[in-house]
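One chain, chain A, appears in both complexes that follow, with chain B as partner in the first and chain C in the second.
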Partner chain A sequence: MEQGWYSVGQPEQRIDAEEKARGTVRFVGDYLSPGLMHAKLVTSERAHAEIRSVDVTEAWKVPGVRAIITGEMFPFHIGPILADRPPLAFKKVRYCGEPLAIIVADAEDQAKQAAERVVVTYDPLPVVNSPSDAMRPGSPLVHEDAGSYQKLISNVYPVSGTNIGSHIKIRKGDAGAAWAQCDETVTASYSFNLTDHAAMEPRAAMAEINPSGKIIIHSCSQSPFTIKKVLNQFFNVELGNVIVHIPLVGGAFGGKGTVQLEPLAYLASKAVGGKLVRLEYSREEDMRTAPCHIGLEATVRLGADKDGRLLAGQYTFLFDSGAYTDQGAGVTRAAALDCTGPYDIANVWCDSYCVYTNHPYATSFRGYGHPELSFAVERTMDKLARRLGLDPVEFRLRNAIKPGDETPTQAVLTANNIGDSAQCLLRAKELIGWDGGKAREAAGGKVRSKGLSLFWKTSTTATNAQAGAVIKFEADGSVNLNCAAIELGQGTKTVLAQILSEKLKMPLSKIRVTMEVNTQYDPHQWRTVASSTTFLAGRAVMSAADDAIAKLKKTAAVALQCAEEDLDIGDGRVYYRPAPEFGVDIQEIALGYKFPNGHTVSGQVIGVGKHVQTHLTPMDEKTGFGKPGPWWSVGAQAVEIELDPADYSYRVLKALTVLDGGTIINPRMAEQQMRGGMYLGLSFASTESFRFDAEGIVLNPSLRDYQMLRFGEEPAEYMVDFVQTPSAAGPYGARGIGEYGVIGMAPALANALSAATGAELDELPLTPETVWRAAGEGSR
Partner chain B sequence: MNRSIRQSKTVYRLNVNGETKEAMGRPADLLLDTLRTGLGLTGAKKACKNGDCGACTVIVGGDAVHACLMLTAEAEGKPVRTIEGLADSPVQRAFVDHWAIQCGFCTPGFIVKGHSLLEHHPDADDETVEEWLQSNLCRCTGYAEIKDAIQAAKKGFAD
Partner chain C sequence: MIGFNFDYHRPGTPEEALSCFRESTGQGLQTVFYSGGTEFLTHARTGEISAGAVIDIKDIPECRELQWDGEILMIGAALTLNELAGSGEYPLLALAAKGVADHTSRNKITIGGNVNSRLPYREALLPLLLADAAAKVAGPEGERTLPLSELVGQGGRLPSGELLLQILVSRRAVERPHFFRKKTRMTKVGYPLVSLAADREGSRISGAFSGLCGQPFRLAQVDEVLSDKSLTPEAQAAEIRSLLPTAVTADQYASAEYRLFVLGRMLHELAEEWEECR
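Moving on, here comes the complex of A and B:
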């Protein structure tokens, strides 16, 4: 930490902790309103079928039912990248759980009873049950003509007559020729099913339309301004007429970044004359109907010379995006542009496919393609190290990416835009007590081993992604901060308050942040996703503070009868630098300076600021060439496990993250993010998976059957450390950190368990049963 | 066939956080729904309505229960305590002091469960803590800080 910083680098307590501990914080489902009506969905029981009929006769007989909306009433497609998804299915259903109809009733139980009385008859179609099935010639088509859909962004390439929703290509160097120079190569395949975000707050939204045409949406979304955009693009309403209100969000993990239930709530309200209607998902709907975490089948081929220098890499990703592309198409792109992991490889060939199947559809998940690609890449790195007879750490160090190298999309890395991957790895090696990755006997016949991974990620935002901030001074000299960053548990509002505190040299207790977001009074913000909020909103807050400081000085210069440039600000005062005892309290000028005779100048001090991404570009269709993100945070992770060879049960003893996320604004909250990320990554890697039957039906859409790590099953010890290479562009040198704790956990765990068992563990989740099966198939 | 649709409503009388409260409801109403929509006590959360996650935990007659698995009628005549009635619990303080809170959605359930645990077992060992808290899910923290908070809160329950 730089000497003399005021709030940055300090473990300031979260500004939302007290209210959350008291249970008084309101989430969207906690808002009660007299006359509130309730919507309930009718969802598909088939994964792939033509809809013969939707009979609502019996549903109308339930008292209190006021409207029933079916797919033909809105026969259009929507989507964030490719408009391929009807909000309500019409003609056919493409996944089990897909919305077919909405019932609106006075009471929730009435809506539910009516929904159960809707009779849907289907003509079954053959089911596409995995991405490799989907890619086979002659496979049934999930979409009859994927190429006919409207594209919302440039980097999406659906292929007509196939199940390919997008195909992203990376062509760097001459991969074909480079293979001949490799002394060792490894090719291996990896897979895991779709999983769920399972944020503790199930998704919910309310909508109303007032008589003047204003549409008011209340939701638990990461993307309020995207809700406005979607209603404007696809529902023919004026963008400015849509007002979105987001209270605090009960966890998101990427799952609330896309727009899914808000248009349904809007249609429901419209059907009952604009009355306020709530659509709230049950846990089962939240898991099966709402979008989930993408699945993957990947093949990675790596080649190196005998000195352990990587010469070529080939990557084929078949992402299981389920029935629709949604953000799956963006994940497909993100995994391609960082496909190598943090390694300098001159010759790169990547085909990343967003594949349609008849599974629930996928959207963004914490890490956005990177936990997925890292599993495949970091497992292959361990295998190639073994072939070369090199320690996995040493092999990674020889190839770790650094300033001066180029990414797969040929973006040039500099000391300002990438962290120190080698430093992270060396620190991780030291903290975990790296022993070469060998299995060791432990007490009671158990086996201990360690596994590690190196990872990176950039934030693939829109090229014009931006954030704004407004700060308003109160009569007592304290400050209100408004911005549209969503508080979803990550602590963003506290971090932004700290940045403002630092700029104004004002204690956190004098800074009040508007915790909820309302698109009508908060400035535009792209979204709260992609670990980009500290960066974008943080810079906006700094710029708003600069604006306010200039205005404070201008008013103070009048009061103090001196030049503005001789003034400084701190501890609630503006003072004359050459004689600091000569100054004025901010409260004397917050609403303008009043002379003794009553005359007043300047009025309230209001600072405004904004920040927009700089010099980002889309990617070239043929080669991937482009600059996709502002910077790369890098990190190393490791685990130590203890396995019982008698039954293949295991325990994670230690889980470690060393991250270079630039300057850490709040170390305690950054640690929270790393621990929580490690938990999510380990839970995904070790227990979580949607199970499908032969008909594509999800067999475990509940928290009882969908296994995740529970209290006591977390690592016995979490270890977190930071390397802080400042980012020149970031606020006080900060880069993004929110997603990173997840990214390298699956490969670190798989590498450790592979070392312990002698088997190659290339499929997730790593339950004792899957480990036992792989170990039974023989060792390497 | 309309048997289940037309139900007469009754007035429930509940003792919640030391106060007697009345709420109108159907015989089939769950305690969770009555607390939230009938009495405006929204601290207990709806997250699974299946007894799988513990976000709706409240204390009824001295025992922690899932309010989503109990009929309102079953809670009549027994003291009910919710997160709103635990403002002085050492567990609440410890959750703040030990950084055991992120999004805050599972927090009320964890605090109520932790409070009930320490009321029953003020010197609970790790195994007991684990057995009690396995009923509750958190997706943000990774549980380590929650474990620390429960350990620290024990002091407040001694003697």
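Moving on, here comes the complex of A and C:
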């Protein structure tokens, strides 16, 4: 390892901090343009019904209406994994809030008035209102023939004649025989409803088609190149004719990783002769119509010998993916391949189902299956520890996964591809002041307790997921970096600038990163999801820097009349290593070296670089066998709560994350990212939940009644620490860390509340009423 | 974005406001009085409310008054909840007002709007029910003063075309010892599962509730139960349950059983607070 970092490891201020703090950043919804037209959606009032008619007569009478598009005008299915979703419903609707028609008008209020005048008549169908209902024999079908849909990737297994959108299997060891060896087993079930991402910026997109056939999309997406792909795959347009522009994104949390608005905006623009059309969701549409966070019903069975060694695990996940599979099918797969959590278990049996219901459909959410599986697994670990008479920390330590072990998909772990889970747990134990998970009396009749969790995650990117970077120089020797990583508040552009600063040994102030992304001039990048951007784009930046350095040295060698291999770079100069005072400023060579007589050689330096995933494989259909991700980051989380046993209200006093993130590029931003993750996780765990009536209608599709933790309700104290086991493949030893702060919060909170009350808390959200109900029925 | 157009008027006197109302309705426009606007704007945006004309009463001086007239506190209907909470004039109203929505919203929400809200909670009404407050109203028949509870108690709302100018409360009511508790589903900002405002004159305790049933209420029989020292809080809760005007609310925020549990806890706290009177 290189020592004495230049910029890596420094708590640099984010490069976009000032504009954001001053409120001058422009998001998609802020762009105005003469002649801009506005689109509004007509959405379904029913969760499951046949569409008898869509009457647009009255809508056409609203002045300014230019086009009305209904489902039968584009009766095809699209989707990222399984193409099962019509962009506009035709024949039937499958969730309340589903788009049925688009109105395009000169002004936004005209479009809205017209949308309210469209009359839809329905023939109601029986509603599938939970994944367990959906799995019952004879259940109504959300999709009549799920097996007939086009598959976009290999690892998706829909089952026709059922509500199964995908069934992923893990078969490792001999799970059947192993149960007989177990001295203790525990089986428990867990559940939570779909929730919302609730990013501060509601989703918006603009589309236009210019006369030469170029389609220009402006969006707040995490996946610009996927938008191109979707329009190419499903709308029969040439890939190169689609240009996607992404300004800064106001929060995403996975919700902007999939493609929903952009095809609608494209259809809207097409219907008005290619004019620029904006489709912007209200908060309510963003919650009800756009895809949300997946729900789950899970059953976990764990068995151990009397020494507390886990011998077997069986996991059944029924993911509530709502009306369409979208990324829910990927979440189903991701949860299966990491189903055990970070424990070494020789015998594993997992059935992970992506289940159709008549709920709003799910897509990726920060953690991608891992906050979900961790809730079920980490609750069960606490229960089994209790049954074995072991401290929950000790029980976890005895089974913590380590190099040499195999994951559920039989991927072999090495010192390079997994962090140190035991170290994370021990550090968390120390920082939270672990007391064995016992309830203690506190002032005023209150009870204090602690709960913890251990977690892991790998990123199931495409096996050819990649990123590219281009470095250009100004005449003053400063640098511009272009890369298609999306800045969505996570600070990725700052991290990439630090990596470049490190490579070039150049101050951060001399490095400018293009904040917006435009697919026309930024090199291809897979997507900004899966905690993979520091890794993929970071390596691409390093490779581009190497390219630029080689070119600078080549020019400098001419100027300095020496061999390239004797040159080094640093502080804005290329210098002769044996005599560093002998060198040339980068500004003298960045655009070519000009001799005193005016002759110029080499011309400008352009550094290009890329990085692509190495040696990933899909999973075997029957056993799950495969290597799904480049590395596993591991971590431990804990909370301390204070509960009032009189009314079961509680507050979180401390929330702790210890993560093995490999080398931490920017400790201040990493700490902030963990805090944000813990907040999101606690909000999901304690209060967020979509509520459905018997007809599958969302009862709380607005922030008036969908309750989230608010500013001021965060834990009284956040604690963050990092174990830094370098990842050999990562840039300067870094691993992905973006999603991790969320993953273990729900089980840590539930474990703490269970310790405080003696009740089993196996449902989210953990409102005081949930705790009260469990405590009344639980066994003290 | 509001999907309909409407006329906006901002009269300076009650007379102007009423004639404006007559003219607008005469033109066939559905007309509403408007003050803080939080409810109108948010519900208009989601298509749950509409109007052809809106008459903003914030420029009517009477509606912005907060002052004592001898033993009577006159509270202008267009005063915001934060203005009232910050004034220090009426401590129990301040407590109830501060429980409504969030601080930013309370900068806009007015007392007149809250007591006449289309939502079922109307927590600022609770102290006023305990105080037997009066309402000064301007309408087609001129100005009149009547008990506030006749207008907006028992689930009632101000009749269309009537303009609430002021709420009048006696000093005796304002200065009574008081108690306020609000319990939400989880987060601090939220609708009440149960809110309880109580006050005491000697050993006589009165209580008004929100969240428990479909409407805020105060009942003489409930006051008797609350004042009955022979009853434990559990017994009081059971008695009150049998007296409730409608079924206990069960919705996405809480079950009816949990609301009753919360009610029991509040009665415990009330008993503890006024232990010396028991």
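In this section, the second predicted complex is superposed on the first by the 775 of 780 C-alpha atoms of A that agree within 3 Å, B and C clash if a C-alpha of one lies under 4 Å from a C-alpha of the other, contacts with A are read in each partner's own complex, and residues count from 1 in each chain.
Quick note on the criterion: a residue touches a chain if its C-beta (ideal position, glycine included) is under 8 Å from a C-beta of that chain, and two chains touch if they have at least 3 such contacts.
Just so it is clear, the structure is predicted and the values come from calculations on it, not from any experiment.
By the touch criterion defined above, A:687 reaches chain C but does not reach chain B. In the superposed model, more residues of chain A are touched by B than by the other of chain B and chain C.
Of the two partner chains, chain B is the only one that A:703 touches; chain C does not reach it.
Of the two partner chains placed around the shared chain by superposition, neither chain B nor chain C is touched by A:399. In the overlay built on the shared chain, the residue A:772 is in contact with chain C alone; chain B does not reach it. In the superposition on chain A, contact of A:24 is made with chain B only, not with chain C.
In the superposed model, A:712 makes contact with both chain B and chain C.
Once the two complexes are overlaid on the shared chain, A:199 sits against chain B while remaining clear of chain C. In the superposition on chain A, A:113 makes contact with both chain B and chain C. In the overlay built on the shared chain, the residue A:282 is in contact with chain B and with chain C. Judged by the document's definition of touching, chain A residues 109, 113, 282, 702, 704, 708, 710, 712 lie at the interface with chain B and also at the interface with chain C.
Residue ranges of chain A in contact with chain C, taken from their complex: 108-109, 112-113, 115-116, 282, 284, 646-647, 649, 686-687, 691, 699-700, 702, 704-705, 707-710, 712-713, 765, 767-769, 772-773.
Residues 13-14, 16-27, 29-30, 32, 61-63, 109-110, 113, 197-202, 248-251, 253, 280, 282-283, 488-491, 668-669, 671-672, 675-676, 678-680, 702-704, 708, 710-712, 714-715, 718 of chain A touch chain B in their complex. Against chain A, in their complex, chain C makes its touches with residues 1-5, 42, 45-47, 102, 183, 185-191, 251-255, 258, 261-262, 265, 268. Considering their complex, residues 2, 4-6, 26, 28, 36-37, 40, 42-53, 55, 82-84, 87, 92-93, 95-96, 99, 101-108, 111, 129-130, 133-134, 136-147 of chain B touch chain A.
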